[in-house]
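Below are structures written as structure tokens.
You will see chain A twice below: alongside chain B first, and alongside chain C after that.
The block that comes next holds the complex of A and B.
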């Protein structure tokens, strides 16, 4: 294995003996050849701040998690895949339930590495396989789910013992899992929610009926996990996971506070990779994330003191809702146009009101999710949260990235644009694309729209 | 058919009749026909329910792009278009709109009306399974709807009144079912298009008029021995067959097919099961509308129950081929069609999957595919 590559992903010292053979085996299954490694070195160094040790640790977490996923069955583990976006508390609890269990949102683990590291064409064969198995071609079905289905069918990742179908935000997830059930007979545990609120009262007004319904769904899923995976997911274990998850969340939030500096000390390409690696509800992210974040924190402080950042001091600042796994089609373009991106919609904003306290861990998780994220509550909740974030981060513009095949993103952007332009008084642009599938990506069209937007933002600042 | 004259005359004046009733203080309640909104509750409140089920036109779909993203179900996008374009008068009169939120597409419909239509939207939560807590949640939603309707009309929905409305709706369902089942015969006495029209009419007409018309039609069909040309017997299934969305039905019948049964949200599911109001009528509504109905594709883990039901229809109606008609971007039906195709392959039952975005441009290729499919069946 190329030592330069190993250094780039922060695998060093005693880890080398253990991880290199595993890495070689997993990359063999992925059909990663030396030419791919050369490409990865060039891409990752160009797009991310790989001079930071913390960033290399972050990449190490992501790559090692991918290796854990690919080799899970071979290493004798029982395997469960949650879907993305994950129900983190349950997945973390699942992944920590036993050393004999592998549990993660498989599609996120694959997509966070393959596309940004080796290039978007590396995922195309996976997407094409899914399209031959019932998921509509191009932008009509979610590319994350195509990864979930295609990677299993192509034999890149093992056939799991259980699918955890987190369909509380998505109707495509359970249908994709039905295809997998049909193909391989894999049992499926669903976690559903019902979007019956108009959202005008979010976050204070969250109906207890909805909390109870969602909580029951989460509890039933945990019970099915215990039954199929033969390791009981007790309330206590889930509480431990909730606490661990909260620690990681806090550490990432602390790091995010540094993004308020001027110039912004990290590219949003870095920050998104950090977020995905440490809180995509994986075992590695949960256990190794805090150390990596601590290293990064120190390095970022130095950057702030030195006034170093990806864009010039005083650059206009924009909020970006989300972006493709490979930052080059969007984040790199935005920053290249001289706009700083201090935050995305994953950033936390103060939430009004005092949270309710629940004795039941299931109700606690259900309530917290709907309260913490407007998107988990209603379309209007999404809009309110974006409004709040735009104010808190004091941005000069908002870029709503629409992951086209995601139906959630089809509901709120036009109203959000109207409300935020009118009430916050900043320009809003809607950019369509895909988190993973870049086959239909039109670089020139995206660039032209962003150039116009950047000019507008700069003129108004 | 004699009965249709009376019904057509009633429907011709239905809009002006509704307007007059509205002027006299009766509340008009629009609803999305996803098969999960018990119209009995609306009637029992003294309001009049009207299905907002128009579809098939491209202009409202195009108009919707100012309000919703484009990768959403065609029917759901069209709904806000009909409202803002003032193209469909029925869409202008509701005092309240009830949207049973079944999936993200219908949620988009609710959001777009909520954000842009200037009329109150009541979202009725529809769980995606039939487990115990799902039943309880749906029942709680029905109770909230009951309260909202009582507030709207100022009338209490009494148990007695609700039972009466359930009985009346059961009569209507029973008649539609009886007529539909007549199509099991070798020589169906009513065409698919005629039955679909009746099914849509039942969502707009006064129930007393409709029941009278259906009784008369049933009696007529029982003695009518008109021999229709024999064509391939088709089960037409999918997500939504809207009022006015006749393209695929017309193409099938023009190609010589006989649609003997259709399974859609606003069709068969609404009349297949009666509401058994022997117990608490609210619980009976929840039981009938959620637990007893054939699940839609958005249900989690739905294929088994849905496919069993569809296979039963194939057998009972002596079907020669299945046409799966999905609207663009309704992914739950799209993915399910892939699985069902494999199920049917095992039984050598031909199946054609067609999609529509209500575009006139798609008619040519749809015609070619449908004609070829029917010819293939007829040649054995």
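The block that comes next holds the complex of A and C.
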């Protein structure tokens, strides 16, 4: 394995002996050859702040998570995959339940590494396989779910023992899980939820009935997990997972506060990678994530003191709702146009109000998840969140990235543009695209929209 | 002060040469493959027409899809901004601009200074663009130039229900097989484009004096359909295809004024 590459992804010291053979085996399964590694080094160094040791550690967490995923069955583990929106507390608890269990948001782990590191080349064959196995091509089906199906069919990741289908909101997850069930007989645990009683109420107005319903669904899912995986998912393990997750979130939130500096000290490419890596990790990655975030915090403080950042001091600031896993088609373009991106809705927690406390761990998880972001809410819930974020981060514009196959979010961007332009008075642009599948990406069209938007934002500032 | 604006779109390349406030030359050519070559050729011909050399230009600004591929341009600006500048120069009262080119369609709202304050643009679908018209012209066996005048003779417009180019093609073939008149089909096609574009820009509220630019603006049938669909009077500049290049040339002139005394490469 190329030592320069290992250094780039922060695998060093005693880790080398243990991790290099595993990495080689996993990369062999992914058919990664030396020229891919060369390309990866160039891409990662160009897109991310790899001069920061903390960032290299973050990349190490992401790559090791992918290796753990690919080799899980070979290393004798039982495997469960969870889907969007990640109910990470259950996945972490599952992984903590036994050394013989590995739980993962598989598609998120695959895409967060392969897309930014290798570009479309390693992802497209996976998507094409999924398209030949029941998920319609083009925009008809979600590329995340295509990744899950295609990677399993291609033998890149193991056939899981259990699928955890979280949230009623995405119609495509249960459909994909149905295909996987039909192909391989994999059992599925479904978690249902309901919209808020008051469409205008997020995040304060989450009814107790709703918390109880969602909590019960999560508890039932945990019971099915215990049965299928033959390891009891105890409340104690779940509490342990909740505490671990809370620590990760706190560390990420502390780092996020630094993004308020001018100039913004990290590229949003970095920050999104950090968020994705630490939130997708389910065991050792969570622990290592806290350590990596601590290293990064110190390095970022230095950057702030030196006035260093990817975009000049005083640059207009924009809020970006989300972005493709590979930052180059969007985040890199936005920052290249001289717009700083201090925050995204993906990485940002709700701002106002004191959270409620629950004795029941299931109710605690249900409430925390529903409060955290708009995925369990009406379009108005999302819009309220964006309004708060726009105000707290004091942004000059909003870029709404739409993952086109995500049908449940087709209405929200249009309404959000209307409301935010009118009520906050900042320009809003909607960029349509895909988190993973760049086959339909039109660089010039995206650039035309963003350049024009950048002009509007700069003129307003 | 001599400047040039070059607009390289998906279908055509356009160059406008300005000398102070006056358009001294302009040229439109089809793009066939190489964007940089098309830009060079169209600029060469525009310069030849004006009787000046490339070196005599103080500044060159490029726009359009090929804007970043023109090595001799000093600066690249998005075509939305350039169309707004160009239209404002020609028709200062314009507040809404519809631009339909070969590959995309856009609706822009501008302020009294010709600055863009809102815009909408089609997605990757070809419906509502010049490409849609090209495909339909081929299906019907007429030239693009004929479509406008033919559609104006329509007495019984056919409704084309599909906005997808591929499905609309099938629909038109089947309607033609049913014996529908060609002029009625073309009028239906124009209406389908108009509905798509007006819907896209409806939140900007069309007003009388909305300006229509781009190659498709030469088609009187589409103009007519836009007027009927939006309910407002539409103005088409004398040369609607060159407003983007004109805007780029005007932006070049502004840049020249700002940077007088420094090298254009420092822009």
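In this section, the second predicted complex is superposed on the first by the 446 of 461 C-alpha atoms of A that agree within 3 Å, B and C clash if a C-alpha of one lies under 4 Å from a C-alpha of the other, contacts with A are read in each partner's own complex, and residues count from 1 in each chain.
In this section, a residue touches a chain if its C-beta (ideal position, glycine included) is under 8 Å from a C-beta of that chain, and two chains touch if they have at least 3 such contacts.
Since the structure is predicted, the reported quantities are computational estimates derived from the model, not experimental observations.
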{"item": "Which superposed partner A:231 touches (first chain B, second chain C, both, neither)", "value": "neither"}
{"item": "Touched partner set for A:260, first chain B, second chain C, both or neither", "value": "neither"}
{"item": "Partner chain(s) touched by A:442 [first = chain B, second = chain C, both, neither]", "value": "second"}
{"item": "Partner chain in contact with A:134 - chain B first, chain C second, else both or neither", "value": "first"}
{"item": "Chain C versus chain B, contacts on chain A by residue", "value": "B"}
{"item": "Partner chain(s) touched by A:455 [first = chain B, second = chain C, both, neither]", "value": "second"}
{"item": "Chain B and chain C contact sites that coincide on chain A, given as residue numbers", "value": "none"}
{"item": "Complex contacts: residues of chain B adjacent to chain A", "value": "66-72, 101, 103-105, 107-108, 110-111, 114-116, 121, 123-129, 131, 133-134, 137, 140-141, 297-298, 300-303, 328-329, 331-332, 334-336, 338-339, 342"}
{"item": "Contacting residues of chain A [partner chain C, same complex]", "value": "418, 421, 427, 432, 440, 442, 444-445, 447-449, 451-452, 455-456, 459"}
{"item": "Touching residues (chain side chain A, partner chain B) in the complex", "value": "133-136, 139-141, 165, 167, 170-172, 174-176, 178-179, 181-182, 188, 190, 192, 194-198, 209-210, 212-213, 216-217, 220, 379-380, 402, 404-405, 407-415"}
{"item": "Interface residues, chain C side, partner chain A - complex", "value": "65, 68, 77-81, 104, 115-119, 121, 123-124, 203"}
